[in-house]
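Listed next: structures, encoded as structure tokens.
Shared between the two complexes below is subunit A, which pairs with subunit B and subunit C, respectively.
Then we have the complex of A and B:
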């Protein structure tokens, strides 16, 4: 093996495959879809895939931060419904700027409530956010009175609010720019700042983190603020793109987003994972959907493939860590 | 008290206090040991006083039928969660079983079978549920991947199967005896209520009086110790996944008998409601603790709240907020009462 190849693989091809299985699968799938359909690798198609994944992607960024710190957030789907309904409803009443500010404040308050219960009261994150899933869904319906909301059709083409979902910069669609921009910022914070290292420390070994002087409560609290902020951004994109909203628009997203995070290779145990991995996971979900459609499979076939891919991806990861393919459970 | 010593966990102490004594004080102690039943009693009294229609036999029957779907799945979920696992795919299995059953009974092969054509359809629906449960269990056992992830994948995948199988269409039951069954009564109670009650008693006996039940607590309490005690943990967990799969399929079938039809979106979000009911009933996500009496209380709490608030003409929205608040409140109380549960869930 040449020295460059050795450097790349660390002299251990098997370990490389195990560590980067998801990247390899990603590239293999891209090649397969590219061969199977001549439209797949066209710029327009790739752009449309990334654009349609952008909203789930933005939410997944926040959820990744929560998961790295060793917790879960199942309330993001309801929160997306809440934020979208609110920003769309307020748009005509108080104008786009204030609508965005009020919505972000409300969503951050919900995130802070999650963070307070999980960080400071130290309740189980799965159940707290499950309860919040239900409660926020109810809040959304109470707010809207059960009716769908939309932005006045006469202003839909003139309001600057349309820029977030329908605008573009130099031909690149705005949702894509927001997704990659936010991914870059959150990714840098998580990977390169002391705060980011604290998140990994809390998720990796909570007790050790506390003994080394990390304020665990504050760190956990802050991860839910990040998560709810990302949901708020996703709500702006969605509201701006659709110019209206149903009350249950985010229903089921909590688990879809989590699937993207897991697919990327972030462990639910906490302490590992990265924003880059999540971006890859989100794109894989998007490309599976798009590729299968282009190959002529029914829309819902993507979910069956996602099922298989998620389990294989995590299995590979777990197997690489224990050094054996099958578990030792008797 | 029907609980065996296997009913481990923090709620053991008040329950033992309740043993031996009698009358009001023991009932009160029992309620303190099962906080969800205290809540059920309170909302029961509240709605009886606040509405004219709540306190009637007909309405109680309604509540039982309305909650039977959630309740059946919660029975299986209790076993899986005591094991320290979880099953997020139950909602999708509900839709799959309902679609399969309603579709298969209309197959031309069974045309001459009369009402008997329902039989192979129901067997196929239940079989699909058990099979998917077995698949989930096998994957958890052999790969060592967390049940949360395995069943999250299955939740998406099985829902995809349903949409592909049904071509995104609703099916209508061609045999009217099927829908008649959903509306029928037996000995003064709706048949579906009987189904729910009988299975509740059955699973309670399995969990509290059998070796399998004792193993369920042992595996959830300390998996390593269970292995050392000679329990084959893998197959044991697989059986519990098959049980929850069976109940999810049964719930799908009972739900479709009520409608005389199936839709591919049936059972959406059920996994979350079922987990809510089970956790309200005192089952720990960490495993090792929980029982069917609590789960039955959790299911009734949700049923009574929905029904009572509906009768009070409170919009359904508020029920969602109140249920979410109660779930968090129960968790908070539980933590205050049992400090040893400090660490919480570590998936």
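Then we have the complex of A and C:
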């Protein structure tokens, strides 16, 4: 009997809890909300939560890659506003296909600029992307002249652009398919390719990585391309879902995205973390907000509970690594 | 001696003449300085500025100095001080922050320059230092939205059983609070049996509002009406209902946006409140002129924001924002 238990737990129940704390917290939260509200575990609700988390989730995939390499990207919220305004505005002017291409090119250029300053010039990523947060917001306002943009209502139901936010394949909503599909691709690259290992190496020990022959500058540069690519995809989903955009639509999303990444257990110090964990982090965040809403809690409860969950997740993560709850240094 | 005396008399008379003509000339053209919140951040503020400049140019008695704080409190305070230094006849302020500008407003008042606040009011402790507030009455807007909703339910014959949800603006914003308050106070007066199931904030963000509405649709099997703090959020809620295939819900918003106007035209959105940035700007200028001319101006000088529904929308032009 005990040998089965040992096999299941790897002989170390504490270690199992510590290693998989985030999964356990996820399941516990789902059960708690399921008991609290009979609607919570309904298929409609689960689908709705995953669908509305998909956009934040897609952005979190890219940011995870950046964070694993030991850097930050706080410009993703502004970049999302920029991309969404651009793709929606160009949709009626040059058609959906070219609009997507032009927008992706511009967003990738912004990512490349981030990557150049952080990878090649080697400026601090916090400062560069914090600066880009306001610079890109300014760029968006210059582009739109302050006006909201909308796709012509008469074409909203007919344009193929609607597929990304409103379509489905065999009943599964398209944003969900895009999120999980992209997570699978990015997750495979990060976990199983030499390129993925280089990202971990650079984040874990930058100097050692350089001495092992890894071209650090290129690796860092490329992570910002991945991040901006994901933002571009999120902008397509958002534009298609809403069929319009405000100039500040992505304002504050950088922190939501970062919260999901941290919640998943990816360390801000770099060198550890995974795409799967981020996916779980995104879902936990989405389900907490949805669950509290279904239980009828006011919105500020969501903010406080989200904060508590993040702190607990980070604490659990640190405690598991050092084997005790409090710091051993007095 | 004689000539000197004559010259002196002539000189003083001329001086007196100038001194006398001074106020007369000032009455003919007055200088109005305005510092705006953040032009370019949204279409409303962009249109407001254009309308303000146009009506100032069309009025020969007004010279306007038009500034914009770019959403920056410190810059706005510096602009107020500059305008005070320039000695404008009246100062119009669109506060970036209702509390932070109070000391600068007090300084302007001490310098003898009448201050008019436009669009969104300053904090109450500043009321002693301003002549008038010119802007929309958000409580009235909220109560009118409640009336629009109630009238429609009566027309449909469901006023005794209808259930509604509310999506409010950014928590903490006066506009959001007042609109919700106006709606919640008026609804039980006109339609006592309509039940407000729940209120959640949509943060003036269409995507957020869409997400909130998706959750409402899952949570409540029966929703007859949605009140949103502005049309942008209202259209987000409409998107969610369309995607979920829930038909027959009555959508009522506030601050009629172009998207809301168009959705009304398609018969998907019932009504809203028409708030024109052009009226807002004209009202601010007129208030400032009246204050300088010494006319009796109400302390809260609201401009009218009428109801707009599918029934009367042809009387209104499509909003530019």
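What we mean here is this: the second predicted complex is superposed on the first by the 322 of 330 C-alpha atoms of A that agree within 3 Å, B and C clash if a C-alpha of one lies under 4 Å from a C-alpha of the other, contacts with A are read in each partner's own complex, and residues count from 1 in each chain.
Heads up, the rule we're going with is that a contact is a pair of C-beta atoms (placed from the backbone, for glycine too) under 8 Å apart; a residue touches a chain by one contact, two chains touch by 3 or more.
If you're wondering where the values come from, they're calculated on a predicted model, not measured in any experiment.
Participant: Answer with clash or fit: subunit B and subunit C placed together on subunit A by superposition.
Facilitator: clash
Participant: Regarding the shared-chain residue A:268, is it in contact with subunit B (first), subunit C (second), both, or neither?
Facilitator: The answer is first: A:268 touches subunit B but not subunit C.
Participant: Looking only at contacts as defined up top, I'd like to know whether subunit B or subunit C touches more of subunit A.
Facilitator: B
Participant: Pick one for A:117: touches subunit B only (first), subunit C only (second), both, or neither.
Facilitator: A:117: touches subunit B, not subunit C.
Participant: Which partner does A:300 contact after superposing on A: first (subunit B), second (subunit C), both, neither?
Facilitator: In the superposed model, A:300 contacts both subunit B and subunit C.
Participant: A:141 in the overlay: touching subunit B, subunit C, both, or neither? Say first, second, both or neither.
Facilitator: The answer is both, since A:141 touches subunit B and subunit C.
Participant: What is the contact status of A:170 with respect to subunit B (first) and subunit C (second): first, second, both, or neither?
Facilitator: The answer is neither, since A:170 touches no partner chain.
Participant: With the two complexes overlaid, spot the stretch of subunit B among 78-86, 150-158 or 258-266 whose C-alpha atoms clash with subunit C.
Facilitator: 258-266
Participant: Where on subunit A do the contacts with subunit B and the contacts with subunit C coincide?
Facilitator: Of subunit A, residues 141, 146, 299-300 contact subunit B in one complex and subunit C in the other.
Participant: Which residues of subunit A touch subunit C in their complex?
Facilitator: 37, 39, 42, 44-45, 48, 51-52, 55, 141, 145-148, 150, 153, 166, 238, 241-244, 246-249, 290, 293-294, 296, 299-300
Participant: Which residues of subunit A touch subunit B in the complex?
Facilitator: 70, 72, 74, 117, 121-128, 130-139, 141-142, 146, 251-252, 255-256, 258-259, 262, 268-269, 298-304, 306-308, 310-311, 314-315, 318-319, 322, 326-330
Participant: In their complex, what parts of subunit C are in touch with subunit A?
Facilitator: So the residues of subunit C touching subunit A come out as 39-43, 45-46, 171, 198, 200-201, 204-207, 210-212, 214-215, 217-219, 232, 235-236, 239, 243, 257-259, 262-263, 266, 321.
Participant: Could you list, by residue number, the parts of subunit B that touch subunit A in their complex?
Facilitator: 88, 139, 141-146, 148-150, 152-164, 167-168, 227, 232-234, 237, 268-269, 272, 275-276, 279, 285, 315-328, 331-332, 335, 342, 344-347
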